[in-house]
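Next come two complexes, and both contain subunit A; in the first it sits with subunit B, in the second with subunit C.
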Partner chain A sequence: MTALLRKPWLWAWLGALAVWLATATFTHGRGSAEVLSAALTFGAFFVIVALGQMFVITLGPGNVDLSIPACMTLAGTVAMKTMDGAASMIPLGLVLALAIGAGVGVINYALIRLLRIPPIIATLSSSFIFQSAAIWWNRGLRVKPPEALADFTTAKLAGVPVIAIAVVLMAVAGHVLLTRTIYGRGVVAIGQNMRAAHLAGVRVERIRAATYIMCATLAGLCGYLLSAFSGGAALNMGEEYLLSSIAVVVIGGTSVAGGFANVPGLWGAALFMFLLVTMLNTFGAGAGVRLVLTGLIIIGVIVAASGGKRGT
Partner chain B sequence: MNPRLLRGLLPPLSLAALLIAIFWLQPRTMSYFGLNLLLNLAVPIALAAIAQMFILCVNELDLSIGGFVSLVACITATWLHDTPLLGIAALAGLIAAYAALGALIHLRNLPSIVVTLGMSFVWLGLAVLVLPTPGGKAPEYIRALMTLKPPFIPFPIIAAVVIAIVVHIVLMRSAYGAVLRGAGGNPRSLERAGWSILKIKMTMFALAGFFGVLSGMALVGLTTSADANIALRYTLLSIAGVILGGGEFVGGRVSPIGAVIGAVTLALAGSFLSFLRLNPDWQIGAQGAILIIVLALRVLISRSEVRS
Partner chain C sequence: MNAPGRAILLASTVVGGLIGQAALADTSDKRIALSNNYAGNSWRQAMLRSWEKVTGQAVADGVVAAADAFTTAENQVTEQAAQIQNLILQGYDAIVINAASPEGLNGAVAEACGAGVVVVSFDGIVTEPCAWRIAVDFKQMGKDEVLYLADQLPEGGNLLEIRGLAGVFVDDEISAGIHEGVAETGKFEIVGSVHGNWAQDVAQKAVAGILPSLPDDIVGVVTQGGDGYGAAQAFNATNRDMPIIVMGNRHDELTWWKEQKDANGYETMSVSIAPGVSTLAFWVAQQILDGAEVPKDLTVPFLRIDQDNLEENLANTEAGGVANVEYTLEDAQAVIAGAK
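Entry: the complex of A and B
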C-alpha cells in the first residue's frame, strides 16, 4: 500500500477519477460513459505527443520541444493534401507525416547542436518556419481525410475507442523503452547528470538526437491522426498541444528538471486534463472561467506535486 | 576586429542591414511618415521584450507575457477608460500578482516554464472575462501619447531610445542593478553577501509586470480597441527579441539596449517581407529565419573569440 502511495503517477489518476466522479454526480450519472469514451479518444492524442515530450523533458533542464504544434500542423496539412481523400493513399500519407516529423526532429537537433543554443530557442525559432510552411502549403483549404482513415479514428471496439487501445499499446512500448532499454536508461542518466552519463560511456549526443527526432515524429503522427479525426487539418489545430504536452508530462509525475520519468502518469494526466475541461463545461462555466480555472488547477497540481523547498 | 566588440555590434548591425534593405526596396519609407508607420508597432513589442528580459535575467522564462499584455490591453480599453480608478487598481494588482508569481516560483523551486504556461491560461481567461468580444476604447491620453508627432524625429524612435536608455541606466549602471543581475549570474554568492534572492526575484518579476502593463497600454494606444487574443504572439516575439539583442539564457547576461533593438528588428522583418513581395504566408517563418541566422553569426563570432 505504501509502495502504491509513493508512485508518482498515482495523483494524476486520482485527480482524473475525482474530476470524473464530480461530473457524474452533477449530471446524476447521465452521459458518464460517453464522457469517458470521449476522454479516451482525446486523451489518446494528448498521450501521443506527451510521450515524445516526456523523453525530451527527461533529458534535463532546458530540454523541451516547443515545435510540437507547428510540426503537427505541417504533417497534418501535407498528409491530408497529398491523400486528397483517396483511401489508397492512406499508407503514403502516414509515411509522409512520419517523415515530416522525423525531418523536423533532425532540423531541431541540428540547430541545438550546431548553434549551441538552448533547445527552447532552437525549437521555438524552427517552429516559426514550420508554421509558415504549413500555412503556405495549405493555402487556407481544408482537405477532407480519406473516409476509411476518419472511420478508424472514430471506430470503437466493444465500446472502447480503437485509437485509445492503439495508444495504450504505444504507451506500453514507451514504458518498456524507458525502463528496459539502454536508450531509455541513457535518457534518464543524461537527465540526472550529463557529465556523469558521458563518463559512464553513455552516448550522450546520439541519444539526444534520437530523442528529439522521436518526439517530432510522434508529433507528426499525432497531427496525421488528429486531422483525420477532426475532418481535415486546421492551421491552429496544434495550438493547445503546446501547453498540454508539457502539462500532461509534469502532472503525470515526470520531473520537469529531468532525470525522472514515468509513462503511466501520462495517461492519468491526459484523462485528467480532458475531464477537467469537461467538468467545467458541465458546470456551465463560460470560456473565461474555464481558462482561468484550468490554469490555476495546473499550477496547483504542480505546486503540490513538484514542491520541495529550495535547498540552500 | 575584436570578437567581443563584434558580438556587441551584431544586434545594431543586423538592424541597420534590415533598415537599409527596406529603404532600398521602398525608398518612400525613408521619411518621417514612413518611419512612423514602419516602427509604430515596434514600441509595444520592445516593452514586452524588456519585460521578458527582466525574467531571463534571473534565469527564468516567461511564457505568459503575451496573455498578460492582452489582459492589460483589455483592461486599458475598458476599465481604465470607463472607471480610471478601478483600472489603475487592477493594473497595480496585476503587477503585484507578477511579484507574487516570482515569490512562488522561487520559494517552491518550481519550473518557471510550466508555471507561466499555466498563467498564460489564467491571463487569457481573465481577458475573455473582462472583454468577451473585441471592442473597448483607448483612453484619450494614451491615444494622444502614442500618436504624438514631435518635430523631426518620429515618436516610435524617441520612445524606443528612451525605453532603452532608462532601463540601461537602472539595470546596467546602478549599484542595485548589478545586484539584480547578479541573481542570474551567481545567486549563491549574492546570498552569502547578505542579499535576499527572494526579494530580488520578486523585484524582477514586478519590473516585468510593470513593463508588461506599459506594453499593453501602448498597444491599445495604437490599435484604439482591444481583444483577448490581441498580443498572444508577444510571448515568442519577446523571447526572440531578447535573444536577438544579445541576451543569454542563463547567467544574467542581458542587454536592455539590445533587447529593444532585437524587438525593433523583429517588428521590421514583417514589413521587409511585404516590401520584397514575398508571400505573406512566410512572415512568421522569416522571423524564425532571422533569429536562426543571427544566432548562427553569434556562434561564428564566439568561435573566433575562443581562437584569439
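Entry: the complex of A and C
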C-alpha cells in the first residue's frame, strides 16, 4: 500500500477518477460511460505527443520541444493534401507524416547541437518555419481525409475507441523503452547529470538526437491521426497541444527538471485534463471561472504528486 | 452583333473609361498598406488572398499606386504597433488595419492620423476616434441565429451553445446576441455551453465531452462559425437525433449540410462574415483618399446562406475554404451611402 502511495503517477489517476465521479454525481450517472469513451479518444491524442515530450523533458533542465503544434500542422496538412481522400494513398500519407516529423526533429536537433541554440529558442523559432511551410503548402484549405482512415480513427471495439487501444499499446512500448532499454536508462541518466552520464559511457549526443527526432515523429503521427479524426488539417489544429503536451507530462508525475519519468502517469493526466474541462462545462461554469479552476486544480495535482515523490 | 448594339457597347466603354479616369486622377499616386495581425487560419488566408486579388487588379488598373499587405508573426499588440509606425515612416497614404486589440493600438493609430495617414479598421476594429471602423454587428448575428431557430422550431426546446475563444469581444458579442434572442423568443433554454475556439477539432472535443450529460432532446445548436462540422461529428458519434446546427459558411460545413439535405431533407442556415471584407476596407480607404465624405462607422453586411441558395454558394466556395464575396468600388459606395 505505501509502495503504491509513492507512485508518482497515482495522483493523476486519482485526479481523473475524482473529476469523473464528480461529473457523474452531478448528472446522476447519466452518460458517464460515454464521457469516459470520449475521454479515451481525446486523451489518446494527448498521450501520443506527451510521450515524445516526456522523453525530451527528461533529458534535463532546458530541454523541451515547442515545435510540436507546428509539426502536427505541417505533417497533417501535407499528408491530407497528398492523399487527397484516396484510400490507396493512406500508407503513403502515413509515411510522409512520419518522415516530416523525423525531418522536423533533425532540424531541431541540428539547431540545438550545431548552432548551440538553447532548445526552447531553437524549437520555438523553427516552429515559425514549419508553420509557414504549412501555410505555403496549402494556404489553410481543409482537405478531407480518406474515408477509411477517418473510420479507423473513430472506430470502437466493444465500446472502447480503437485509437485508444492503439495508443495504450504505444504507451506500453514507451514504458518498456524508458525502463528496460539502454536508450531509456540513458535518457534518465542524462537528465540527472549529463556530465556523469557522459563519464559513465552514455552516448549523450546520440541519445539527445534520437529523443528530439522521436518526439517530432510522434507529433507528426498525432497530426496525421488528428486531421483524419477531425475531418481535415487546419492551420491552428495543433495550438492547444503546446501547453497540454507539457502539462500532461508534468501532471503525470514526470519531473520538469528532468531525470525522472514515468509513462502510466501520461494516460492518467491526459484523461484528467479532458475530464476536468468536461466537468466544468457540465457544471455550467463561465469561461473565467473555468480557466481559474483549471489552473488551481492543475497546481493542486502537481503539488500532491511532487509531495508523494518527496516521500521516497 | 448589329450596329446599334455595338454603339451602345462602345458608349458604355467610353463611360466606363471616364469613371476609371476620374478615380485615376485622384488616387493613382496613393499608396495603401494592409496591417494584419494574424494569418494562422483559413479565414485569414482567404482574407489575404481576396486582398491580393482585388488590390492587385486595382494597382494594375492604376486606381492606386500600391496596396501592400503586411502580417505580424506573433499576433501581439506591441508588434503591430511597431509595424504601424514603420508603415507611417514608409509614407503610406492610408493604412487598412485588422487589429490585434480594440484599444491597444490607439497610440500608434493616433500617430498615423497625426502624420496625415488615413486609417481604416475592419473586422478587428480600433476605438481611436480618428480612425474609420468597418464593424460587424456580431450581436445581431447571434440574434439572427435564434430567430431562425424560432421560425423553424415553433415548439422551442433545448439548445446547445458553442462559443468562440474566451476573453475575445467577438465571442461576448455573439453570445450576448444569442442570449438576447433566447430571452425575446421565450421558448428556448440553453442547457449547455462550451468553448470551441472557432476551431473544428476543439469544438468536436468540447461537444463530445458535454453531450452525454445533456438531455436527449437537444433541438438546436447555436454556433459562432468554424465549429458546426465539429458539432455534427460529435452528434454523429452518439445515437442522438441530429439537431439543427447553425453553420458558419466553411466549406466542410456546407458540404455536410448538402449531404444531409440530399439524404434526408435536413434544413439549417449558415451565417458569417465574408473574408473579402478586407477588399471592402480597401475601397473605403480609396474613397476617403479620393475625397469622398465617409462616416466614421460603417457596418459590414453578413454573408448568409439559406436552404434555397446553398448549392449556388457551395459551388462558389473553394474546396476547404470559406464562402466568400469580394467587394467592388460600387459595393463600398453603397455601404457608405447606406451609413449616411
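Please note the rule applied: the second predicted complex is superposed on the first by the 303 of 312 C-alpha atoms of A that agree within 3 Å, B and C clash if a C-alpha of one lies under 4 Å from a C-alpha of the other, contacts with A are read in each partner's own complex, and residues count from 1 in each chain.
Everything below uses one rule, namely that contacts are C-beta pairs under 8 Å (C-beta built on N, C-alpha and C of every residue); 3 or more make two chains touch, one makes a residue touch a chain.
Just so we're clear, the structure is a prediction, and the values are computed from it rather than from any experiment.
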{"item": "Side-by-side fit of subunit B and subunit C on subunit A, or clash", "value": "clash"}
{"item": "Contacts of A:Gly31 with subunit B and subunit C, given as first, second, both or neither", "value": "second"}
{"item": "Touching partner for A:Val292 - first (subunit B), second (subunit C), both, neither", "value": "first"}
{"item": "Partner chain(s) touched by A:Leu92 [first = subunit B, second = subunit C, both, neither]", "value": "neither"}
{"item": "Partner chain(s) touched by A:Ile302 [first = subunit B, second = subunit C, both, neither]", "value": "first"}
{"item": "First, second, both or neither for A:Leu14, with subunit B first and subunit C second", "value": "neither"}
{"item": "First (subunit B), second (subunit C), both or neither touched by A:Ile117", "value": "first"}
{"item": "First, second, both or neither for A:Ala200, with subunit B first and subunit C second", "value": "neither"}
{"item": "Partner chain(s) touched by A:Leu141 [first = subunit B, second = subunit C, both, neither]", "value": "second"}
{"item": "Touching partner for A:Ala155 - first (subunit B), second (subunit C), both, neither", "value": "neither"}
{"item": "Stretch of subunit B, among 2-10, 38-46, 200-208 or 290-298, that runs into subunit C once the two complexes are superposed", "value": "38-46"}
{"item": "Overlap of the subunit B and subunit C footprints on subunit A, listed as residue numbers", "value": "128, 131, 135, 287-288, 290-291"}
{"item": "Subunit C contact footprint on subunit A (complex, rising order)", "value": "23, 26-27, 30-35, 38-39, 41-42, 128, 131, 135, 138-144, 154, 226, 229-232, 234-237, 239-240, 274, 277-278, 281-282, 284, 287-288, 290-291"}
{"item": "Sites on subunit B touched by subunit A in the complex", "value": "61, 104, 106-111, 113-115, 117-129, 132, 191, 236, 239-240, 243, 249, 279, 281-289, 291-292, 295-296, 299"}
{"item": "Subunit B-touching residues of subunit A, taken from the complex the two chains share", "value": "62, 64, 111, 114-118, 120-121, 124-129, 131-133, 135-136, 242-243, 246-247, 250, 256-257, 286-296, 298-299, 302-303, 306-312"}
{"item": "Subunit A contact footprint on subunit C (complex, rising order)", "value": "39-42, 44-46, 49, 73, 163, 166-167, 192-195, 197, 199-202, 204-206, 208-214, 229-230, 233, 237-238, 250-252, 318-321"}
